[in-house]
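What follows is a set of structures for review.
Shared between the two complexes below is chain A, which pairs with chain B and chain C, respectively.
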Partner chain A sequence: MSITLDQVTKHYGGAPVVNDVSLDIGDGEFFVLLGPSGSGKSTLLRAIAGLTGIDHGRISLHGRDVTHVSARKRGVGLVFQNYALFRHMTVAENIEFALRVRRMRARRRRERRAELLRLVALEGMDERMPGQLSGGQQQRVAVARALAHKPEVLLLDEPFGALDAKIREELRRTIRQVQRELGITTVLVTHDQEEAFAMADRIGIMNLGRLLEVGAPHDLYTRPQTRFVATFLGAANLLLARRTADGIQAGAATLPTAERAAGEREHEVVAVVRPEEIELAPQRAQLTSGYLTQGMVDEVTFTGSLERLRVLPQSDSGGTLLADADGEARAMLHVTRSQYEQLGFAVQPGQTVAIGVRRLHVLPTPLSSFTACAADEAGAEALGRQPFLAELAARMKTRIALRVEPLWDSGAPARGADHGFVGITVLAAQPDGARHARWLLDRGATDVLLLPHEARAPQRVLIHWTQPSARAATLAAAASLLRHVAAEAVYLGIQPRRDDGAQPQGMRALLDARAEAQAAHGLDMRTELRVGDAAQELLRRLAEAPGQMLILGIGAAADCDGSLQPLLTGARWPVLLVRR
Partner chain B sequence: MAALPRLFGADAPRPGKHTWRHSLTRWLFIGISLTFLVAVLIAPLLTVFAMALAHGIGVWLHAFSDPDTLAAIRLTLLTAAVVVPLNTIFGLAAAWCIAKFEFRAKSMLITLIDLPLAVSPVVAGLVFVLLFGLNGWFGAWLQEHSISVIFALPGILLATMFVTFPYVARELIPLMQQLGNDEEEAAITLGAGGWLTFFRVTLPKIRWGLVYGVILCNARAMGEFGAVSVVSGHIRGLTNTMPLQIEILYNEYNFVGAFTVASLLTALAALTLLVKSGIDRAGYRRR
Partner chain C sequence: MAASTRTFREPSVLPGFGLTFGFTTFFLSVMVLLPLAALVLVAASMHWLDFWHVVASPRALGSYRLSFGASLLAASVNAVFGFIIAWTLTRYDFPGRKMVDALIDMPFALPTAVSGIALTTVFARNGWIGRYLEPLGVHVTYTWIGVTLALTLISMPFTVRAVQPALAEVQRDLEDAAETLGAGRFTVFRRIILPTVLPALLTGFTLSFARAVGEYGSVIFIAGNLPLKTEITPLLIVIHLEEFDYRGAAALGVVMLAISFVMLLAINLLQAWGRGRLLRRRS
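Moving on to the complex of A and B:
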């Protein structure tokens, strides 16, 4: 491995800007770090270069631990967005700087300089001053300068940011060519997904300081694992659908999917439909793909090779459209059609069309939607407006449904198991929150979020499960939540106290849990081992500092009655109960 | 819409177009500026040279043979030679840490650097008298060890240093903030150490600003009157700098002597400004 990052964390004024990032970049790989501004990607690049120190974790270059090695001894080449050429030196002096520092002979320096200028196609520019060059040429000089000392790793920090479109493309090609020719491991930081697709062998997508997903461009586009990646890489329509025994049921259509988990019971899922995977036809019968619903064409835009449409689906259709690419409230399906499709069926705004789906991809997230549940309508509405919940729903691009359950005060017995609770059921945390949670769990709810009135986005999320059977589900829920919250994840493994003094087995379970979180969900969490009563230890940890949240996995509804009850009463912190 | 250009016609005042109103405004402003310049700056300066040379070049030259005057010139040059390098080093250090690092007392430090510009030089001189004078805080201790600060060279140096403190730093801080850190960081990733980065990257980058600041600092150091006047004690041939010597000569009705020294001081200042404008032009060309 060329570059190995192990749990790299960097805080800035208390908030994590790079949060527990682990990553391996192979020899000769062109890796692109992609993310919106403020996602921590540039900070991570500077940390690899050694210009920014890290608070936690390790960085290795070619197997050499460089965490505490200064930037000048790391042997990396760095290219800045605004070139950062030495403006009082000529092009030749700029390129030879690293060689001069290393006291290389003048003749060898000249040879190397000629070689580098040929590489970036700037022969004969030796005696120019940087001010006399165009932006594209200056950036070429910067690349040549960064490569002069034959670094093992080339780092590029938004290198095309200050250039116009045409030069950008040309320089992109040059850099890719240079990289192939030298076979040098390269990391490029950008916020431009087109750039990432065009250049990368692999892309790593960052948001809120976390590295969400890593993969080949095609895999990330067709099979994103998270809502953020689905919507950040290209346009995506997010649908609420149901996973049934036959496949994915969205609207009237049931689409068989290759990605099937056997033996799962029917539940709500979030599906991604790319705009080009939607088919339009005048009548349902003329669709060649699975029929989703009827819709009205709202807007048609011609963009040359493609036609972009926005279609408003009929509201009484079964599949719920969560959000379109713009995340607008009045959700529209985004559709793109090729010229070939346009010729087959021309549409006008206002026209009613049948909508079909060729392919959809189900996100593996267990957190599909929120249902704010209260004893009366006003209570449910107030809960739906709770700032943390509203922010979370907006970030997850999902909706908050409202539900009134006046029954729980009457103590009516549970009638049957399934009362149609889907997604996460949200409750206002009250002194008797534990009883309400129990009531919901008895009636088929699987994920219950107890939310104190004044809860804010947590700084730290504690994860614990009381039954090993709840482990996988709890980890999945935690990973899903933490992708949308910039918080530190801590798994608390708690061993019962043993009088015979035998060595507890906890360490092994702890490491297993961490490995699974990392492998299955890309979630890096810290682990802590405690000895004692689980509820007591959790209470103690939660009471230590404000701004904490608990994700608690339980095996059966009855679990939340016993010793765990103090955790759920009192409304001091948000608790997400995951029952499996 | 087509009627609009015809409506206003070709004579309408437009930016960038010479009309009679435009040129009138221009000459009016040039006239006001020139009148002020002549009345307030050039006439007095010419008077200095006219008075100095009123009795011929021989008398002018003779005035320099006065040992007290020569001592004043020597003291002034010595003061500048000591103060300017020290303030340059301080200014560089202060600008460096303000531009490169984030720390809590940063804005306070910037304000403190400006303090000498705001405080009257006389007050600055008095502060040193209060500190190091015979009845001052350290006065007794200094006398025990027979070190004289006030009414001696150290006092003059301290007072001048205080007054000229901000010039280099003030010049460099905005420049270094504007230029940023990228070039230094690039140099470091290329393998350069701290000193090498400073001398090969930072110093060349800021050299024009630095020279400019040094020149302003020098001009002020040679011309300072108020603060030095308080601490020097006006001992002829010992603690009189050129500005003080001019005042003494003038008060003794030795007009030729006073104006002779004044003309030399003015000439030094003019020379400084000439060097500065030359550097301005050179710096502009380089950019």
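Moving on to the complex of A and C:
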């Protein structure tokens, strides 16, 4: 491996800007770090270059641990967005800077300089000053300068940001060509997905300091694992669908899916439909794909080769179709159609059409939607407006439905049946959160979030499960939640106190949990091993500092009575209960 | 109407050149050139032998040496320490930074005589610092050291204020780039930072020097004003004035003017040469 990052973490003023990033980049690979501004991608690049120290983790270049090696000794070449050329030096002096610092002979320097200028197609520009060159030429000089000392790794920090479209494309080609010719491992940071697609062997997508997904461009586009990647890489419609024995049921359509996990019970899922996978027809019968619902065309924009439409779907099949529609808000389906499709069926704004889906992809996230549940409507509404919940739902691009349950104080008998609880049911922790949670779990709810009054986004999320059966589900829920919250994840392994000394099993379980989180969900979490009573240890850890949250996996509804009750009753921290 | 007689004047991008240039010429003439011309005229009314007698007297020669020597020294000291102060203020954020930044301008605001008295109090033989320097054989007051000290104090803001904006403009990326290319801190400073701020540093040096040469108020308190030893030229001029020897004062003034002009011109040429070298390499 050329570049190996192991649990790299960097904090600025308490908040993590790079959060537990582990990554291997192969020899000669062109790797693109893609993310919105503020996602921590530039900080990560600077950390690889050695210009920013890290608080935790390790960085290796070609097997050499460079975590504590200064930038000048790391042997990397760095190219900046604003070129960062030395303006008082000629092009030649700029390129030879690294060689001069290394006291290379003048003749060898000249040879190397000529070689580099040829590489970036700037022969004969030696004696120009940077100010006399165009932006594209300056960035070529910067690339040549960064390669002069034959670095093992080339790092590019938004190198095309300051250039116009045509030059950008030309420079892209040059850089890709140079990279192939030298076979140098390259990391490029950008916020432009088109640029990432055009250049990358593999793309790593960052958000809120976390590396969410890594993969080949095509795989990431067709099979994203997270909502963020689905919506950040190109446009995507997120639908709330149900996984049934026959396939994925979205609206009126039931589409078979290859990704079906056998033997799983029916539950709500989030499905991604790309705008080009949607078909429009005048009538349902004329659709060649699975009929989703009827809709009204709201807007048609012609963009040359493609037509972009916004269609307002009818929710005739009961239940909300779009994940981000919360009742009154008019969430639109985004549709793109080729010229061929436009010729076949021309549409006008205001027209009613039948909507079909050619292909959908189900996200593996277990957190599909939120339902704020209270004894009266005002309570449910207030719960839905809680800042942490509202922020979470907005980031997850999902809806918060309201549900009134006046019966839970009447002691209605538990039937253990599915009362139509889908997604995460949200409860107020005060005054009676523990009892209400038990009531919901008895009636089929599987994921319950207890929110204390005015809860804020946590800085640390503690993860624990009391039953091994809940392990996979708890890890999946934690991974899904942590993609939308800038917090560190800590798994707390708790062993009952025993008298025979060593606890080799506890340590193994800890490492297993970490490995599973990493492999199955791409979640890097820290682990802590404690000995004692689970509820007491969790309580102690939660009381240590404010700004924590607990994700607790349980096996049966009855588990949340007994010793775990103090964790839920009148809690000052949010608790997500996961029952499997 | 085939040929219109009306002409349209091309409106300039920035109108009002005539007015502003006229004002500039007028203002400079009245405020600068006219008094200087008067000075030269008064001096010119002397017989050249009398003139020579005044400006080449041992006392006058001694005062030139002290005035210009101490001013050059003060400007050099400021170039080093003013740079460090400017560096600290632009590069680091520490509690009280704004206070320190405001403190820099204090020598501007203080009447120079007050600065002189304050310095004398501190550095006199029985002063706060002076009493510890005394046993070491370092006499500050009534020596050239005191003169340099006073001139350094009153001209310090010029260097700091000239260098500050230039330093703020040195992009951190440049230093980062140099570092990844293998340059150590000293190399980064010498090859990247210094060349970038050198023009501003020279300007600061020039301003400091010019200010120090003309200084009078603070020096006379700390210098002791011993003829041939600690007497600066501005003081000598005042002495002539007090004896109602206006012509002698004017003669000394003319000499100061000439020396200052030559030195400032030299520094400006040096700067222009530096810029020119850069430009020549560009073409």
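One rule holds for everything that comes next: the second predicted complex is superposed on the first by the 564 of 580 C-alpha atoms of A that agree within 3 Å, B and C clash if a C-alpha of one lies under 4 Å from a C-alpha of the other, contacts with A are read in each partner's own complex, and residues count from 1 in each chain.
Note that in this section a residue touches a chain if its C-beta (ideal position, glycine included) is under 8 Å from a C-beta of that chain, and two chains touch if they have at least 3 such contacts.
Computed from a predicted model, the values in this text were never measured in an experiment.
When the two complexes are overlaid on chain A, chain B and chain C occupy overlapping space and clash. When both complexes are overlaid on chain A, the residue A:Thr222 reaches neither chain B nor chain C.
In the superposed model, A:Gln351 lies in contact with neither chain B nor chain C. Residue contacts after overlaying the shared chain place A:Ala148 against chain B and chain C alike.
Residue contacts after overlaying the shared chain place A:Ser563 against neither chain B nor chain C. In the superposed pair of complexes, A:Gln132 makes contact with chain C only, with no contact to chain B. In the superposition on chain A, contact of A:Ser22 is made with neither chain B nor chain C. Common to the chain B and chain C contact sets on chain A are residues 49-51, 70-74, 76-78, 80, 82, 84, 86-88, 97-98, 101-102, 131, 142, 145-146, 148-149.
Residue ranges on chain B touching chain A, taken from their complex, read 182-183, 185-193, 196, 200-201, 204-205, 286-287. The residues of chain A lying in touch with chain C in their complex are 46, 49-51, 70-74, 76-78, 80, 82, 84, 86-88, 90, 97-98, 101-102, 127-129, 131-132, 142, 145-146, 148-149. Note for the complex: chain A touches chain B at residues 49-51, 70-78, 80, 82, 84-89, 97-98, 101-102, 131, 142, 145-146, 148-149. Put simply, chain C touches chain A in their complex at residues 171, 173-174, 176-184, 187, 191-192, 195-196, 278, 281-282.
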